[in-house]
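Shared between the two complexes below is chain A, which has chain B as its partner in the first and chain C in the second.
The block that comes next holds the complex of A and B.
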């Protein structure tokens, strides 16, 4: 609105001074590290005082070799996708249903439920991970005690030692942590739909379900695309919860190791900083392709 | 549908019909919602309850009422981990970083919003692009930079980078575009105020609502961070709360009671903050998302 006011005026160059500190920090701590990670991916480096040795694309050869032979990185790609999908499907359905319910006019207590559903998302993920590591413990964790006390099970169950139970535990926790957030986003989207559309539908005798299918859902599409894209970026770079819940091991037998965990482990546990950088770049390319496809696939079907 | 009825009547009849069948479904819906709300809170409740029991009681029972071991558990917990050092470190990092961001981030927003210098649009586009990049991408390079700058185990390694928040600049610039009038700046210039003085005395206070919203978000984001602090803070005395909590299992093993105490202490401040600021926090989420 007021942007064009100072066009061609003598004050314009002050703008550079004002944005300078921000750009210096961005260049040093954000842009350079990314470029440097790319350079390091072409080297062999143990992270110590010795300088990195340039070795060309050997690390990328190793990444491809891992993928070809079904190594841990390939496994981590599968794990991350499995845990993300198992979390995002129930999360989106639940969030959408709740958003429709909580935005309906006759509904009382909207603010209370909105706040409580959002609570798990606000709590530090590391704390949630540590908390459930103890709650899910075997045999004396509180969840086992709960299941036994109310006769859901006779024996304690070792959640974090079974491949699918541990994956499902992580997905369930992610759904639990994120449905409130997604619900809030969807609620904002629903509220931005003009009220007259719904009034017109009611006057025409359309049922609530029809109004949902023909008004809410199509008009919510842009918000849903946004939500899918941000969720896939966050999901594919999943780290905190799994790292803490599996104590950095991604157990059992690497069936919950995520891509970022593998990047971290290669650098800071195995001192393969070059290979780790190549994995980070591979992860980036992976995310980039997925986001690109997601936008391309969803857009053409968009309702005018 | 009876076509003889006017639309007005149709609507009225529909409303009456719906009111009649609502009662039962409404009760069911509310029961479901309360159960879900319970599910959101229960794990944290159990956590706090367990923090007041002893190991044997936690391992053998499912406790729903508080016990009397809180102080004993706190003593055992403190013997192995100083969580208050963690709080101090976390506060310095998140507080210091947010303060720097509030100043220099607002400065950048102001530069983009009110100065039509060549390259304004292109540089702003660069800022937007960095929003798309997951922060985990450059961790190895980031580690390398921190080592080279000799900032390992230094809280500054987490504080200074907080200035580079693209979301902050995007949001605050948008706020300034709509609220900060050129006439105020012009009259200040006529009065002979320097550009920096105008920024400090006029722009900064007038943008406070937007700065507060985004500052709060960046504070929370920084407070909850684990991966980057884990990489640059290796020494025990500089660890932030999430790093300490992430190691709780390694430290306490099956010593449940003090572990629950440590985790509870890490969670309670966030919960208290949420009780006071929940409306602002939730309002802020939507402000960022709907425009995106």
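The block that comes next holds the complex of A and C.
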């Protein structure tokens, strides 16, 4: 292979040197950790200085047992999906509506709004978590104080002790943080649709709504697929916001524990690195299958 | 030709540099920090017994010291540097929130890189850290011979610092008996007395506590800001630890506490807050919450630090708080110090640990300056008998007050599982108290969590 490259172009081998840094970094920081995680998942290791004990597939047996008996890992899969879906549906609707609005010619000040809507995405998740932990506190948090002062409630509401209120709080925060980012991606998609299609539609007497339904939406589909896939990957590895907001507890009653929180807890709180690695591999397989199905079902290559 | 070589050479050098620059963030794993002090490992000299009375050696060198409380750590480091001007103590702080401190220390030990010479352990983590393989040095062995310290330090603090194989691995500079800290003004106003003996009587049994809560509740005052206050008192008063012979044990005291707390919550007698939240600290200043679980260190770290303007606050010096005995003596918290078993700096590290614990001059100085309750027996004796030593906040001598309790504590009450088990217990209790679970559901939730966290523990 090298020979043919060298034969055709005497400078071609520089290309390998130039891409070498990327491959070294990828090997050190991605390939090695993944392989090592797989190795650890076959061991029992408390994270101490002695070497891990090889125990075969016992940890995977425990993962399957957890799933069979409705344990905390199974619960965490459900929680992650519920919070992701509650976040992504409003997020996409909001982002699409604003993207259409901000790309319309008649709208003034779009640069300003684009920046403002994007702002929440610039704050780190952990800071948002810490801030809302304070705001949602019971009984004397700021939100409770406001609700009582303006007579929306007689008594403080314990947001983080209610299963659905805590899940909804997390989803709403995620929507708030990500709708600006999604909006910008959608705006780029809408702008790439040739203007002629809209002009032709106008000439044919189509209403704005019809043009949106029949031109914008279908042509935006590849972008939406991309957004769904990246959002699934990000959503299923949901961690930092929930970890901080629930102070690592995933409360109440583990109803907000996410898959990654469970991986972290088993490794670093319980020093059970073998089981944690098996959970990480299960998480990897889960995301892989979901993305595979998403791409197969939506068939992006047939869109155009 | 020449030009091409230069070009080629430059390309290779550049790509090597670029690759290397990407790895700049990686840590040095050598663990070979140069240390000016020799190791005592095989010298055979006994440095264990000349701690506070031997002739003062001039120490030099640099010591790294990890802790979770910046204020406390820098004070201790400063005191050691003042005593030994040739020593530099590098303080490294990681807070305990989200278990960050233990995670940082254990990751350091695992990698063997840049592990602090001396690192602290809070009571909730100490059993985990003393049992962490490759972590703390065995201090029972020569040249340290810390077993001889039981005549110098509170024996229960020594037992807590033992690993499961019985070796001493960490020592504490504190004893942490605890009591009920209350606001004297509210006591006078609603209970008719602020005398610690009378107040102690009002908290002496669950029934009396309920009556007191009713009286206070009628006046719109919560007996406690959070149920965590009762949890501290009752957990510290158990007769068995959470895990006995590999089996999860729910002590009778825990059951008694659950019933009492539920009754308080259902009647609105406690504030419903969670300990260590901002509102819980702010409640120190209000007139709606009466009493807190206050260990020796709590005078400073719960009461004074909860006050607006902290130490400048006149409340902090006005004798406005009182300390009353809890129904059963209990202990809460404390900090232990041990040295890394792979440290290259063990002699200096050992000097530092001795300085913090058995050095009487330092123990007394620290106790007087901070109001902390030392573990040093000679200093405890001295301060308890010093009538002029009054804590300005409570107008009582904390040593005379806490001293009678210290004999009733046993180190065996702590296990390496405590932090995680107590967290699981609190979460389940919070859901029970909020009405999301019934009593059985609470126990189910608690036990499932323990089973998931520690499959090796037998849970029925």
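Here is the rule we go by: the second predicted complex is superposed on the first by the 292 of 304 C-alpha atoms of A that agree within 3 Å, B and C clash if a C-alpha of one lies under 4 Å from a C-alpha of the other, contacts with A are read in each partner's own complex, and residues count from 1 in each chain.
Keep this in mind: a residue touches a chain if its C-beta (ideal position, glycine included) is under 8 Å from a C-beta of that chain, and two chains touch if they have at least 3 such contacts.
Treat the numbers as computed from the prediction; the structure is a model and nothing was measured.
Q: Based on the shared chain A superposition, would you classify chain B and chain C as clashing or fitting together?
A: clash
Q: Just chain B (first), just chain C (second), both, or neither: which does A:17 touch?
A: both
Q: Does the superposition put A:123 against chain B (first), chain C (second), both, or neither?
A: A:123 sits against chain B, while chain C stays out of touch.
Q: Where does A:71 make contact in the superposed view: on chain B (first), on chain C (second), on both, or on neither?
A: It touches chain C, and chain B stays clear.
Q: Pick one for A:252: touches chain B only (first), chain C only (second), both, or neither.
A: Once the two structures are laid over each other on A, A:252 reaches chain C alone.
Q: Thinking of the overlay built on chain A, is A:47 touched by chain B (first), by chain C (second), by both, or by neither?
A: Both partners.
Q: Identify the partner contact of A:268: answer first if only chain B is touched, second if only chain C is, both if each is, neither if none is.
A: both
Q: Now for A:28: first (chain B), second (chain C), both, or neither, which partner does it touch?
A: After superposition on chain A, A:28 lies in contact with both partners, chain B and chain C.
Q: Mind telling me which of the two, chain B or chain C, contacts the most residues of chain A?
A: With both complexes superposed on chain A, more residues of chain A are touched by B.
Q: Which of the two partners, first being chain B and second being chain C, lies in contact with A:89: first, second, both, or neither?
A: Neither partner.
Q: Tell me which partner A:243 touches in the superposition: chain B (first), chain C (second), both or neither.
A: The answer is both, since A:243 touches chain B and chain C.
Q: Could you pull out which residues of chain A sit against chain B in one structure and against chain C in the other?
A: After superposing on chain A, chain A residues 14, 17-18, 21, 25, 28, 47, 134, 137, 140, 243-244, 247, 268 contact both chain B and chain C.
Q: Along chain B, where are the residues that touch chain A in the complex?
A: Interface residues on chain B, with respect to chain A: 1, 7, 10-11, 14, 22, 29, 33, 36-37, 39-41, 43-44, 46-47, 50, 58-63, 104-105, 107-108, 110-118, 120, 123, 127, 130, 132-145, 160-161, 163-164, 169, 177-178, 180-182, 189, 195, 199, 220, 223-224, 226-227, 230-231, 241-243, 245-246, 248-250, 254, 256, 259-260, 263, 266-267, 270-271, 274, 278-279, 281-282, 285-286, 289-290, 292.
Q: For chain A, which residues are in contact with chain C within the complex?
A: 14, 17-18, 20-21, 24-25, 28, 46-50, 62, 66, 71-72, 134, 137-141, 158, 161-163, 243-244, 247-249, 251-254, 265-266, 268-272, 275
Q: Please give the residue numbers of chain A that touch chain B in the complex, ascending.
A: Against chain B, the touching part of chain A is residues 1-9, 11-19, 21-23, 25-26, 28-40, 47, 101, 106, 111-120, 122-127, 129-135, 137, 140, 142, 145-146, 148-149, 176, 180-181, 184-185, 187-189, 192, 202-203, 205, 223, 226, 233-234, 236-237, 239-240, 243-244, 247, 260, 263-264, 267-268, 273, 276-277, 280-281, 283-284, 287, 291.
Q: Touching residues of chain C toward chain A in the complex: what are they?
A: For this pair, the touching residues of chain C are 11-12, 15, 18-19, 22-23, 97-99, 103, 106, 109-110, 112, 132-134, 271-274, 277-279, 282, 420, 423, 427-428, 430-431, 434, 436-437, 445, 448-449, 452-455.
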